[in-house]
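Pasting the structures in now, so scroll down.
Note that chain A is present in both complexes that follow, paired respectively with chain B and with chain C.
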Partner chain A sequence: MALHRLTLRLRPTVTHVRSVHTSRYGRQQEAAAVDPEPEPISVFRTQENDPACQSEKQIGQFYTLPSEHIRLLFPHGLPKRYQQQVKTFNEACVMVRQPALEVISYMKKADYSQPALRYLFYGVTGSGKTMSLCHAVHFCYTQGWVVLHIPDAHLWVKNCKELLPSSYNSSRFDQPLQATAWLRNFKITNERFLSKIKIKHRYVWTKRESTEGGRPLGELVDQGISRVKSSSDVVAAVMKELRQQSGHPEGNFRLAVAVDGVNALWGKSTIKKEDKSAVDPEELTLVYNLRKLLKNDWIGGAIITTLSQTGSLYTSKSAYLPQELLGERGFDSMDPFIPLSVPNYSEKEFESCYLYYTDRNWLQHSQSGTEEGKKELIFLSNRNPTMFDRLCSFL
Partner chain B sequence: MNFVPFGIRSYWVKMATHSSKALFCVGRTSFSYIGLSKSTSRVSYATALSVNNSHRNKGPSDKNGRFPRRPKREPGEPRTEKMAPDQDWTSVYPAATPFRPNSVPLPVRMGFPVKGGVPPQKKGNLELIKIPNFLHLTPAAIRKHCEALKPFCTEWPSALDTDPKCDERFPVKIESREFVSAGPSIRNPAARVVQLSIKLSSLNLDDHARKKMLKLVGERYCRDTDVLTIRADSCPLRQQNYDYAMYLLTVLYHESWKIEAWEAEKTVADMEEYMWEDSPSQRNIVELLMRMKVSEGDGQEVREQLLERRDVQEYKDSVTRLKNEGESESSMLQYKEAVKKVLNV
Partner chain C sequence: MAAARVCSTVPVLLKCGNYSFSVNVATAKLSKQVLCRHISRSSTLCRKNLAAAGPEKFTAEFIQKQIEDFNIGKRHLANIMGEDPENFTQEDIDRSISYLFPSGLFEKKARPLMKHPDEIFPKQRAVQWGEDRRPFHFLFYTGKQSFYSLMHEVYGKMLNIEKHQDHLRSKGLFSKDGQKISLGMSRWLTKEELEALLVEDISTHDYDRFIQVMERLLSMPYCGAEEEFVLRFRQLLQAQSRNQVVPPLQKDEDGVAFSYADGFRKTSTSSVVLRDCGSGRISINGQDSLLYFPVLQDREQLMFPLQFTGTLGRFDLRCTVSGGGRSSQAGALRLAVSRALLSFLTPSEGEMMRQAGLLTPDPRVRERKKPGQEGARRKFTWKKR
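Take a look at the complex of A and B:
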């Protein structure tokens, strides 16, 4: 990393904070005298950038996501605010936290000839569920899995500008715009697999167009991107192919399905049909096929999901537990799953995040370096990651 | 000396009652004048100095001479002076009467305090007269009432000394109210209300009968105390309401034991609590275990064997707890542990 970054010694955190401000000015004098250290050691950063090698020792520390990975893996997956932060800080640092580590450890131990396990992150608004999901997805990507990442399932059940009756099944509805957007991002993420995976079945799109079995998956995806009208069916076909082939020896890949805001699939939608009656999410092709994918009847992969109250429709703001957000039908469909609670920052994690912001010179307020300032931040944000981030952006 | 009329805000600081005597000086109207000492503090203190205004305050009526007034008598000592501490209070206030400041030997103050002052004293205090007082209900008075009522009462049965014994022998409790008030009529329409309460555990109900009874009574049942309360007030007389309440209880009991033909159509949505048997959760877990090929073969016996397993039982308990009791961190943790065990994670 650039040499202009601060070098922080491993000291108790109180003196640590003060040393940030003093050393910033003293650094210029010191730089000449002190021989440059090979790597800056800091309390809140870790050099272990590979999620597979991270362990409990790194809990609370930030690891850096390589920018290549971000461009490929998360064209649409990261939260909006985090993307802005990445742009501002010129680096993407993710905190290693316990729920994500737990999922990664389960995935390492799992037997991939058994049906896929389902993991569900739940927690209060802004506690870091989406980031934990992204952390787990990064692990899958580094392990060479195919990543099927739906960034926010809520986007599929609201604000739909175009709703077409499905050509495949007349009782369902297509959403061409959302489907094409998703296919594009899917292509960016899984570029390397598109030529390797071959589809099994034959798909007929129109009288003249069809995709034969044996063609690479990339062709199917291109078909969906170019022919917008049939893109929802293409999505369905892609999901089916991946589901059937993952884990089997000829497919030779593992599939990670990551859905953020999975409670949208069983909730209500605001899309209205022409006669102003509400559309049930089940009647949407995308949602219907995603639900099929979330069932654990396929092998060789993992399903990681999060709940999200923020985008959800007709749920109360204080609801965060799985049953409240998923509802009866959702819970029965997702059952049995492994719920993982994502709490607010612990003291150590908060400390780490605070140091990171200070390191990035994000906290400009004169009081932010003091003990009272820190206590005030803790009090105001209740150690909630999102609240802390929003507060600091004002300082 | 400044004179401030008493009726408007006056500045008092802790006037002992004996010194007030000097200030109840003559005045035709209710005004009495006090002297304000020119003391250093902002709060003015009242001096126990009477002002000789007697000659001033003849009142307007004297001007004409048309309505000669009787020479006014001086009010005598208030009765409070003559009260001994060990007097019989029940004879001072034998019944509910308004507050009489000269009969109550307590230096009470009531009202909104003036700025920098204290609440007004009891003499002439309308606030004290307006409110209900319980001076006629001192413990001594109540004791006397009870003694007077004792000849009309019967002895409580000595065998029924604890609540559980009463509940066992007399499970049905009837509550009704009597009203006594001074007025032209002795009738009170609120006296017709009869409330019947009974614990459902004292009724002989089996599982189906209990569920049906709970559905029939709805809100009248309290889950925490297991008490069914029937309130009857639709008839004009208490006797009629009592009969109606007893009739309702009888009918409820017999109806809940009957099984109708249409009760067979009870759906999952009608169920009071979650039952794991035949639920989607059970189907899911069984199918999953079959797919995981935990045990060989297929068929009904294999499925039953799967259900017998300990970890499946734990899973069943955790799901039932989640659904029936609602969610909490602890129940989610229990569910998570159970799922991990079943799936061998």
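Take a look at the complex of A and C:
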């Protein structure tokens, strides 16, 4: 199978496709891209795999994420369907789109001695907000930032199997399972920083266990992973430490906080206490500390968030604007933020995605190669990325 | 005296209902009358045998009287409605009756109607024999006199044609393709139509023989002489597509051509404005098509007319739909889009759409639940005891 794919890559792409589309879309590849391979470059791919070097010229094109990066950076961050696609195609290709490029350009130009800027991706269901978030996070990772990525904040406010009263503050509730899982993924992502960053304060877990100031962050994280009961408090401690140390000269790192589904933090939750009354998200330790992190009172980093209607509770299906999904409280807390609208595919982007699927031999239907078939796909999916993906998956 | 005795015996014979012979002198007188053998008659036999009488016979006078009553009634109705009695057509009559006697009955044939007696009373043959009880027609005793006389007529015409052909051959003017009859888009009358024409029943065998003979007639050259006769038995086929009303093509302020059409299915109604601007945008009740129809099947239904005619990216749809469920709304929209598309297409493409079934409103509606059953068709569980 892999050999078959290899021959596909090395085989020159069909010229008639190239001639049609290069005439429509103009020059696609810069001569500056070093190109020692004999393979002629196809229109929908770009060789710029570094997000920092990508510009508007590559909008609509796919760049490949190195598999090492995926394993380290996104143990939990990518959407489920996309992970399956990565496994099927044996490569992770992300489309360069305008909202993500905008965020990256802002982050390049931002002043990191000022409080952290908040970016919010919003758009209709399935328009590519999570993927834009992942693109921005990849940029941060390649720049050597510490990445605090919460894949889906909705998972913290629903389907909680274990709810313990918090040891630190009796009015709040702990979620040990979710906290440990997150800590494990955090460790995988930020392996290189765990020994470098030192914690400032002393944390006492039980009568016999405590972590002194000056110990590396890795020890704190390990403490959380091994002692499941106090893992939520460990998460809170980690967040506090990173928040305080980022941007300062001795810390020497920048912090990227990426939250997907941020509207969960200010919405309702389905978790119930023993007396069947609903738990307010504020009463959960994880959510409370995350909210503190999202406040822009710290420097030396960026906060990138997305709204998500799919996992949210008690919101209507047609709601996608920040006002509707965040609610009043959420909007007030997030304000000021930079909203970025993520639209459906433009014509060029749709074309690019279609070519990519054809190149990967994903569209097996006899009609999918024709112009008529393409028009049908456009009609049925309305250029929505998720819909298009679902449609192609059975063709 | 003898007469008095006759008078006394005859009633006795009739009343007692016994098997008896009269042995009196009165027998001689009786024998002059028709001898009636009295069979034992029970009360059931005294009743009229309704089935054997056949369908009710209307006499010509009765029909005539009905026609006069109808005409007078038509004039009265026109006066009631305040319209001109002279120019009162059947449509006006129908309209007035449905206004004066509104009926909520579902069965259209059960509603009050007023039509010309020829349409109401079935055509019957007048009595076929005269006062001396001898039939008029020479083929009366075949039982199907009109049919056999028709067959004879056809054969007579065939003989005429052959005579004509021989005549031409003798003159040397005979040619293989002589006068042929142009049939056009027509078909032979069906058996039912032929029965209605002849006002008598014929069997399928008879009908087949008739068609055979007519075909034989048509196959002869020089049958053009009998064209009028043959065309009497042919029915023109109407092209179905002429029944379709094409919505008019309008232009709005920007010069963009658009058309408007309605559609319905089950209990949903929809209306669609189809604009010819070149983008493939769809909006349903102000929402995106993906949001309104999350199911692929509904979107495919909406796509069907456009895909069939190959006009997918060309039109802009602005739809409104209400009522029913998601599937019936999709069907209603499909019908509306097909109808609106007609004004942008050529008639032949419209005919193709009609044959594809895009222009036919789906007649299926929810069947009513009947009493004694659980649903429309489902019966209650049958229990043996």
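Simple rule for what comes next: the second predicted complex is superposed on the first by the 357 of 395 C-alpha atoms of A that agree within 3 Å, B and C clash if a C-alpha of one lies under 4 Å from a C-alpha of the other, contacts with A are read in each partner's own complex, and residues count from 1 in each chain.
One rule holds for everything that comes next: a contact is a pair of C-beta atoms (placed from the backbone, for glycine too) under 8 Å apart; a residue touches a chain by one contact, two chains touch by 3 or more.
Since the model is a prediction, treat every value here as computed from it, not as a measurement.
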item: Partners on chain A (chain B, chain C) - clash or fit; value: clash
item: Touching partner for A:Pro336 - first (chain B), second (chain C), both, neither; value: first
item: Touching partner for A:Ala110 - first (chain B), second (chain C), both, neither; value: first
item: Partner chain(s) touched by A:Gln61 [first = chain B, second = chain C, both, neither]; value: neither
item: Partner chain(s) touched by A:Asn296 [first = chain B, second = chain C, both, neither]; value: first
item: When both partners are placed on the shared chain, which of chain B and chain C touches more of chain A; value: B
item: Which superposed partner A:Met387 touches (first chain B, second chain C, both, neither); value: second
item: Chain B versus chain C as contact partner of A:Glu372, first or second or both or neither; value: second
item: First (chain B), second (chain C), both or neither touched by A:Ser352; value: neither
item: 42-50, 60-68, 258-266 or 276-284: stretch of chain C that collides with chain B; value: 60-68
item: Chain A-facing residues of chain C, complex; value: 280, 282, 287-291, 296, 299-300, 303, 306-307, 310, 312-313
item: Contact set on chain B toward chain A in their complex; value: 279-281, 284-285, 288, 291-292, 315, 319, 322-323, 326-329, 332, 335-336, 339-340, 342-345
item: Chain C partner contacts - residues on chain A that touch it in the complex; value: 124, 317-318, 372, 375-376, 378-382, 384, 387, 391
item: Complex contacts: residues of chain A adjacent to chain B; value: 106, 109-111, 114-115, 117, 122, 296-297, 321-324, 332-333, 335-341
